[in-house]
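There are two complexes below, and they share subunit A, which is joined by subunit B in the first and by subunit C in the second.
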Partner chain A sequence: MKRIFVNEKWCLGCRLCEYYCAFANSGEINMVKALKDKPIYPRLRVEDDGGVTYAVSCRHCTDPLCVRSCIAAALSVDAGVVTIDRDRCVSCYTCILVCPYGALAHDDAGVVRKCELCLNNAIGQPACVAGCPNRAIVYEER
Partner chain B sequence: MRIEYVYPEFEVVRNEARCIQCRVCERQCANEVHSFDPDTGLMLSDESKCVNCQRCVALCPTRALKIVKSDCALRENANWPQGLIKEIYKQANSGGVLLSSMGNPNPLPVYWDKILINASQVTNPSIDPLREPMETRVFLGKKPAKVERDEGDGLKCTLAPQLTLAMPVMFSAMSYGSISYNAHESLARAADALGIYYNTGEGGLHEDFYRYGQNTIVQVASGRFGVHKDYLAAGAAIEIKMGQGAKPGIGGHLPGAKIVGDISRTRMISEGTDAISPAPHHDIYSIEDLRQLVYSLKEATEYKKPIIVKVAAVHNIAAIAGGIARSGADIIAIDGFRGGTGAAPTRIRDNVGIPIEPALAAVDQRLREEGIRNQTSLVVGGSIRSAADVVKAIALGADACYIATAALLALGCHLCRSCHTGKCNWGIATQRPDLVKRLNPDIGSERLIRLMTAWKHEIMELMGGMGINSIESLRGNRLMLRGVNLNEKELEILGISHAGE
Partner chain C sequence: MQRYVVIGNGVAAVGCIEGLRSVDGATPITVVSAEKHPVYCRPLISYYLEGKTDRDKMQYRPGDFYQKMGCEVLYGVSAVRIDPLAKTVALNNGDSLSYSALCVATGSSPFLPPIAGLDSVRQKCTFMTLDDALALEKAVNPASQVLIVGAGLIGLKCAEGLLARVGSITVCDLADRVLSSILDNDCAAVVQKHLEDHRIRFMLSDSVERFEGDKAYMKSGATVDFDVLVAAVGVRANAALAKDAGIAVNRGILVNNQMQTSVSDVYAAGDCAEGEDVSCGEKRVLAIMPNAYMQGRCAGINMAGGSEAFNKGMPMNSIGFFGLHVMTAGTYYSPEAGGDVYEETAAGMRKKLFSRGGFLTGFVFVGKTERVGIYTSLIRERIPLNTINYELLKKAVSLAPFSDDYRRERLGGVV
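Let's look at the complex of A and B:
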């Protein structure tokens, strides 16, 4: 299965991926309308320690700890993709605590959001990959 | 506070209705033009630092940015153009020689644009390169003056060493130091994939790139940086750099600040020391001296590699080229006055040297007249901007062209002409690790390959239109060229007729 991988060597820390992610999952067709004057809740985050930058997103583990620990059965694996049923999430954040990659976060409503490879939005393929100016984020079989 | 005599050249225009304050512009600008004001929640800009490299414009996800030339103007004066006045202010401020980068931007004649190419009509057939074979391969090196036979009546087939190019274009010299590791890797990988050559420039060859040696021309310049036996052995050809089109008559100076890590090791000089290339080679003061170096290099490489001698196009170029041909050089490279540079004194770049077109025509003509044209191949550079320029150069008598500015444009260069600041936002003319990584050689080499592939198609289309199916039939075929807006003398030197003749 194709997954998102990050080549840290080429990550510039520009954070365009975060904005393209937030836009892709906004349901809007215009980026300005989607993101202007609003806090964004992207499903991946660029970690930056001042020297190394790295976009962190869901690894779609084969045996995901988040799915195993979800008390509300909101998280599940669908054809290899770890997906979330936001209606079922009870905001206990156990998944956020157990994820070894720190790839999960919640939005302003307190509901967990996670990367679903843009398979469930209008973009249809990972927007972070398409928007990365330096091919630091790739979507491929490994 | 000191008075700023020079108003900023550019203005940063931000469409506030579109700006989403993602701050990508701020993170991507090494010149620190953009900043975020948390109190107002707005992006600010200090246009005095802007060099118009367009990095922010290219990466702004909502196209909220544009950089425009400031219309704040000094009073009109035909004798004192604004640029000259501003340069006076700069020098009154700094007391120094003005520095510039890339090629001469002044509106001097571009002869390529005054030369037009022929096409077949009724009396001779044109050729469709998509349907019929079309040869773009060229061989650079000495060609035999006559056919020779051995005792058994067989042909003597041993030729002097040749470079084989899949198309008549190569990437010209840019040193590791003046451009980044990733820029070099992009050029090396593209040359390898395309079956052409790139040139190390005078900074030596990074150990990682020895594996591209089959497609590498290694340069020996006046500073002799990074020259050793393995380096000479690694390349497919060796180029002696006598001069550069952007700065004929002067040497080079890579500041000590850029001599760090791998660059220091590759150049074989201590970290932090200035890399100063003297104006002349201190062992070359005559054609005889040049011949000594040519043959020293041939000896060192067992006569297996062609030797290129590169000179800037200057006034007496035809006689100079004749001398070089007689020095034993296999290939002469001539660099015109519009050629690029990582840094040169502005006055030199903008006022010294001559255009490549008349230089090429004069050299080709002189070598033919002296009967030594077969002894060397001719490579020309110094602003070859398109496939049409390549075709015109070949019809004027060149064997191949060198391109560098066009290659850098393919890598993302926006010709902001600020290479000498070392803060290239596109990761090309910089050694700052955070900027160098902006040029991913996977992308860079792909873009170079696509550019050259496109040019090759265009060269074949232009050749086909003339009814020519091989570069060899185009070389020196000046009947395929006509001049427009050229006077008698210019036409005479270029060796072409005027349109309508």
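Let's look at the complex of A and C:
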């Protein structure tokens, strides 16, 4: 299956991916309306180790600890994609406790959100990849 | 005849069934389920009382799960004896099941403290099963005064779940702090204050000396009037069945990293088992849901002739009360035991990282719990701290302190 991969060498640390992600998952059709003057909740984050930058998002692990550990059966694997049923999530954050990449977080309502490769929103394919100006995030088979 | 038998129908049993079926799609599976319900998310019983979930959403697997997995489930039936020589399990309905491989996933049970006068209490519950939650739901009304004995995880989640349904809640515990098995005094005080701000009253370092009907006489001399009593003093592994069959048992049924017990073709998983704790290298009962699934799955794969090891279990909890989140994991070694602790403290927030011998062994986070799994991975994978920039990671969580190779492999490859 296709996954998101990052290439540290090409990442500029511009954080556009975070904005594209937040917009893609906002449900809004106007980017300004979705993001301006609002706290944004991207499902990936750009890290900076003082020299190298890179985006971290869900790895869609082949044996996902978050899915195995979810106490509410809210996380599941759907054709290789780790997805969350936000109606079932009870905000216990066991997934946040077990994810080795820190790839899950919660929104201001407390419900867990995570990268679903934009397959479950209106964009339909990873917005972070499409929006990256330097191909530092790619969506491909490896 | 080839048949897999699973005693128990909780999350460890599901792990076992899914593990079995990942290797062997054909051999029949029989599940012995003392509870009359299909598998449900046991830790959600407090969320059910709180109204954050419902019976339908509590289902751990879809309604056709057992059918799709080719399982026969015997509801309301208990195993009474295992005969490891004849390879049979005797049931309380008089039947006997023969097995080619057996998984004991009998879970744990709350124990009732032997307190004088307990029999005179009109309404008393434990808080472990869906039936317990349904009974409690019926027992309380908006004027109820609830007394919870035990300020551990179960007692406090019960308190949170019940709060909006009752008039008052008092929690007592012999320990001098809440969540005494996972928090020190400093961290416990933060949690206790938060709960007290939500009208939960505590009587710590105190215990019930005797009950006279709906009145508790405490050791301290105080008295508590109540309508409903919840006993949440602790749970014990349901290991008697295995012990009686001559299977090695300590606090739980002893298992190796393949989930095999001391007797061939008998496996154990979940709350009833005692397997390796990666954070200390010793065997411990790890009565938490993630562990139940992983152990069950490992058992199932091995029962079906596959090859799987699970040696990455550890005690860990992510638990929230009225919006305050606490995450804990592993083993906390004191300085006297050669341990080292890194601490950060702010209002309503605590962070403690415990290390020993060059490895992270445990942690406590209160209030601020973002990306804590990165720390958990250090314990789980036994990543030597001298291979990462631990000084940096102590202060701020990210993948930056890890080696370039680790990061590139994880973010640039399939994991």
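Note that in this section the second predicted complex is superposed on the first by the 142 of 142 C-alpha atoms of A that agree within 3 Å, B and C clash if a C-alpha of one lies under 4 Å from a C-alpha of the other, contacts with A are read in each partner's own complex, and residues count from 1 in each chain.
Heads up, the rule we're going with is that a residue touches a chain if its C-beta (ideal position, glycine included) is under 8 Å from a C-beta of that chain, and two chains touch if they have at least 3 such contacts.
Just so we're clear, the structure is a prediction, and the values are computed from it rather than from any experiment.
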Three-chain arrangement built on subunit A, subunit B and subunit C clash or fit: fit
Which of subunit B and subunit C A:Ala72 touches, first, second, both or neither: second
First, second, both or neither for A:Leu16, with subunit B first and subunit C second: first
First, second, both or neither for A:Pro100, with subunit B first and subunit C second: second
Touching partner for A:Phe5 - first (subunit B), second (subunit C), both, neither: second
Partner chain(s) touched by A:Val32 [first = subunit B, second = subunit C, both, neither]: first
Which of subunit B and subunit C A:Glu140 touches, first, second, both or neither: neither
For subunit A as apex, the angle formed with subunit B and subunit C - C-alpha centres, to the nearest 10 degrees: 150
Partner, of subunit C and subunit B, that touches more residues belonging to subunit A: C
Touched partner set for A:Gly131, first subunit B, second subunit C, both or neither: first
Subunit B and subunit C, minimum CA distance [Å, superposed model]: 17
Partner subunit A, residues of subunit C touching it in the complex: 41, 43-44, 47, 52-53, 57, 59-61, 289-290, 293-294, 297, 316-320, 323, 325, 327, 329, 369-374, 376-377, 380-381, 397-401, 404, 407-408, 410-415
Subunit B to subunit A touching residues, read off their complex: 17-20, 22-24, 27-28, 41, 58-59, 61-62, 434, 437-438, 440, 442-443
Interfacial residue positions of subunit A with respect to subunit B in the complex: 9-10, 12-16, 18-20, 23, 31-32, 35-37, 131, 133-136
Parts of subunit A lying in touch with subunit C, wherever the complex brings them together: 3, 5-8, 47-50, 52, 54, 56, 59, 61-62, 65, 68-69, 71-73, 87-88, 90-102, 104-105, 110, 142
